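Letters A, B, C and D name the chains as they come in the text, with residue numbers starting at 1 for each one.
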């Protein structure tokens, strides 16, 4: 499953970097993840409940931030395991400065699915990818707006 | 082939069902979207609330300005409804395209639209028909315009604790002149493209048109650009050809191993054209 | 255990307890020993498990046993009466509509329901009516002929 | 005079099936029976770091959970029954295939743990809670890519993922020279995609160890119970064969996938002794998709050269064959001796070379699926012929007539020796195509095609095929690498009252043996068909057997029955002679009685059988009883052939292909029951057409089978087909007593290329000169071919 997208935010590139490096934010924007628990440097244990259409499953797994290149890029490596199947994803995140108050986040990556969801979910996978992408950007947007106001 | 354990409660009325709902409950109507997911354990609710025995939900009634279809009406009962055949033939045509005989005998329209599969047939037809969805919750009834009902990928305007009780199809001139055409995924029988068109002509000109598409994007949608291009103009092959150019405008087009984005987009155009030509 | 249900199967009343999650097909096969109804898939696609509930063809793998409470169920075992084959059974035998026999019960149950609404079907209509039933042996050729046989027989016997 | 042979006798087995009384493995219940469920790998290739069964073991109803390390070292893995060595003489790579994986999984669905519980639901609940820690590794799924440098390795001891390489036919340089001097060379790169057999009854097995008798019984959904017993006892569990009974009860379709010995069979058998209770396992459909051996999966390049007159001068074929992650029972034979040997086709091609590389990949095992190798060979040849006809602008039917091997009956004229090892038994090829053209109304069709102008493209495709079936001669297959004999066994037991029980090693799972065999027995013995019972599928009642596959039941199993009958009648004649006080030579046997020639003195079969069991007045020194068996090992394969023609219509806007007509004229030798033979042809056609238009696995690059359910894998339905138009010619097999060839696979072998050729023809006639549209020819693929 390919996941890619771009979105502009009304914060500077360095601000966006800082926001994204905050585990709470990462937890908020990673689809389904309710909690990130620090395991080591840039390595987190995740607990998530994903509900997409008829599929509802509790996933547990790991999220790791690698290849950090402040403030312009990093990669998220994720493993999510569940009874109905697993997802292993690697997504490159690129922050582009547009001007001093605006930046864009571009991500591109691939999630390898296995197990039952890989065998039975093909029909709607591109829909799932779209939902995930939208969720990431809208959660991030919401977080930014919330914190600007605060 | 064996679902995880759950509790089962049978509701004798919608009000009773509404009282039973909690966060871990799911409504069981025909079950033809839900039970397959339960069997694969893709979904493991704590409780199922069975509303399939509520006879009041199964009726199709002919009113002055609309036809009210109970949410528990099966696809088969819609397929054989003479009143719908007369006032909204696309409903009958769509019903006949769903699943197979056995599925149509049990699957319900309410269950289908609550599930909101992006490739299910009903969403396209209901969008084209300008239907109203009647919903019951603890506080009573509310009605949602179909244009506000489908919110996205498997997402609807239904809130937790709500049950669809009926769908109302207005008796409009456009609905009387309507059609549903479908290109099936041959394995699943879901739509790669399903297109419903309701169209009223004033002389040769298009007076009123609504086009619903399913299977194309992550949620069924109205092909507004096509509707706009057609409205007020003379319906002929030339107009049809030019009107469908942007049939997927504003909607992310799905893709899978059977039909790529490019092909699905092409098919969407072909099927809108085919539907319109049937109404020429 | 679980829920008490009362079901009339092939004219006989059965009552007993079932787990909420028990599928109707498993109840018929495991609890009642009616193994003529088969399971061929897990996605409600193949139709091998088709039975009649209150006279209508239904995939018994996509229904919970508790939902059948109070219903009249007919399975393939209930088709023949007093040792006389149902015309559909006769058709399948006469026209060689079966080979391994696994899909056959579901195939016949669907076809019987179909002929109720369309007693004089065309070949195309028969083929379309079988979209919820897979057969891997016959290429459907003789199944179509079997159903035509049954349709003719049922016409003349009315 | 025959009363039954050649007649469409209604099937005796039908009654139980149409009344719901068939007894398939999952229908069987045994007192104290438990239920097994497998924990299977979700990954195509991974190291198993740990398997934690603690939580699962404590779940309700759980009796025992086995993991790989619980299986004793004395138990071997699943064996392969055929050995094909490398060209240079090196032994085929045969990596172990453990019953449960210990360290490494090699395809999605590889078994990691086996959970046994009181109920199926409990076993499944517990299996969900077995926690396996994997380290995911790269995977490879394409047989060609698997052999390239840098590809992920499936087995450490099979470098380059090569199981073996193999070559047959004329020297390559001679073929190359012939191609170089050809007036036209048609070249095609293509895949024969992987398909899933999909018998509608999922595999199922019950293991039952009975400590009272120290005996195991295995009920299994198989095409050959004796073969399973032999493989399981001798090569896997090491338990004595006489202590094992294998029963193949009613079986809901096999199509090849139920020939093979599977790990689940050995596991339920072994574990039933471990827990001292019977265990039933029945596959869920998604398990079947992942673990039933698949079919086809070749990636090929082929060149066919023609001279200026359109005579074929040479054929060179290169094929990469996918074997999957492990060697299944017959896997090595399929791309070699069942494929390469068919490259002569029906044609006089003087130079033929076929070169095969067989590769391991991280996918489900590939083995024989209806036709097994022969469909792939036919596809290669027939695609080349129709494409060459288009390229050379000659008529595809004419091109075939020009190249057919002249008629030979195998009696007056010798069999035809091919360039690729086989000697055809008898053949007369032009009439099948002539008859097919007549049925099509060929000239009229071409006119209609030229006049077509409704936004649709019409096309016609041909396929004239030959196949080698009646799989046997043990000596021949042995020389080719088979590790078992391939004869067949029959026992004809005449009961004292003259009723006849026939025990056959040919298992029936839809083929109608209980009827066809009874027809033969009734006619040969001159008794009513109701007096005959055919018994099969139980190793404790049937002496021995090799099973049902390769369209062999009638040619090999039926011939064994005939030979047993001959022995019965020979002894019967001696008893009759004694009763009639005549010489056996003076007797003739007809309509159930022995008569002294030229007199009205006779004795009925029933009196002779009674005398055999109540031998009060009996020939001196003769054993009582009337019960004979025969092991029949034929002299050669049999070689059915035929001509298939497809007519398709393509929707130019969507690329949808509609199969308008399908005509098949097959020659399967003599026919015992035309109704059953027609049914076999119909079913075969549907599977072959299914491959052309609908079916095909899709593995992603990580080795996930992404269309592993009926929601994504397109099974052909009734409305995908027209009624088939079929006919036959009869060229008897010269080397078996019935003159029969075999009809089980013919439909599948011939039909696939006919349909594909029809689509290609339609495209060319529409101005789209494409060489290939990959199978399955889905609407998008056909549309793409028109819009590139």
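Here is the rule we use: contacts are C-beta pairs under 8 Å (C-beta built on N, C-alpha and C of every residue); 3 or more make two chains touch, one makes a residue touch a chain.
Because the structure is predicted, anything quoted here is derived from the model rather than measured.
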Pair exhibiting more inter-chain C-beta contacts, A-D or A-B: A-B
Identity of the most central chain, Cα criterion: D
Approximate Å spacing (C-alpha centroids) for the pair chain A, chain C: 48
Between chain B and chain A, distance of the C-alpha-averaged centres to the nearest whole Å: 32
Rounded Å distance between chain B and chain D, as computed from the means of their C-alpha atoms: 44
Per-residue overlap in chain C, given as positions that touch at least 2 other chains: 19, 21, 39, 42-43, 45, 131, 133
Where chain D touches two or more other chains, by residue: 121, 128, 284, 286, 706-707, 709-712, 715, 717
Contacts with two or more other chains, residues of chain B listed in rising order: 1-2, 4-5, 36, 40-41, 187-188, 257
Complex interface listing, chain B residues touching chain D: 1-2, 4-5, 40-41, 183, 186-188, 257-260, 263, 266-267, 270
In the complex with chain B, residue positions of chain A that touch it: 52-57, 83-84, 116-117, 120, 122-128, 130-131
Chain D contact footprint on chain A (complex, rising order): 83, 85-86, 88, 112-116, 118-120, 122-123
Residue ranges of chain D in contact with chain A within the complex: 42-43, 108, 128, 136, 286, 289, 700, 702, 704-709, 711-712
Of all residues in chain C, those that touch chain B in their complex: 3, 19-21, 23, 26, 39, 42-45, 47, 50, 56-59, 61-64, 66-67, 110, 113-114, 117, 129, 131-133
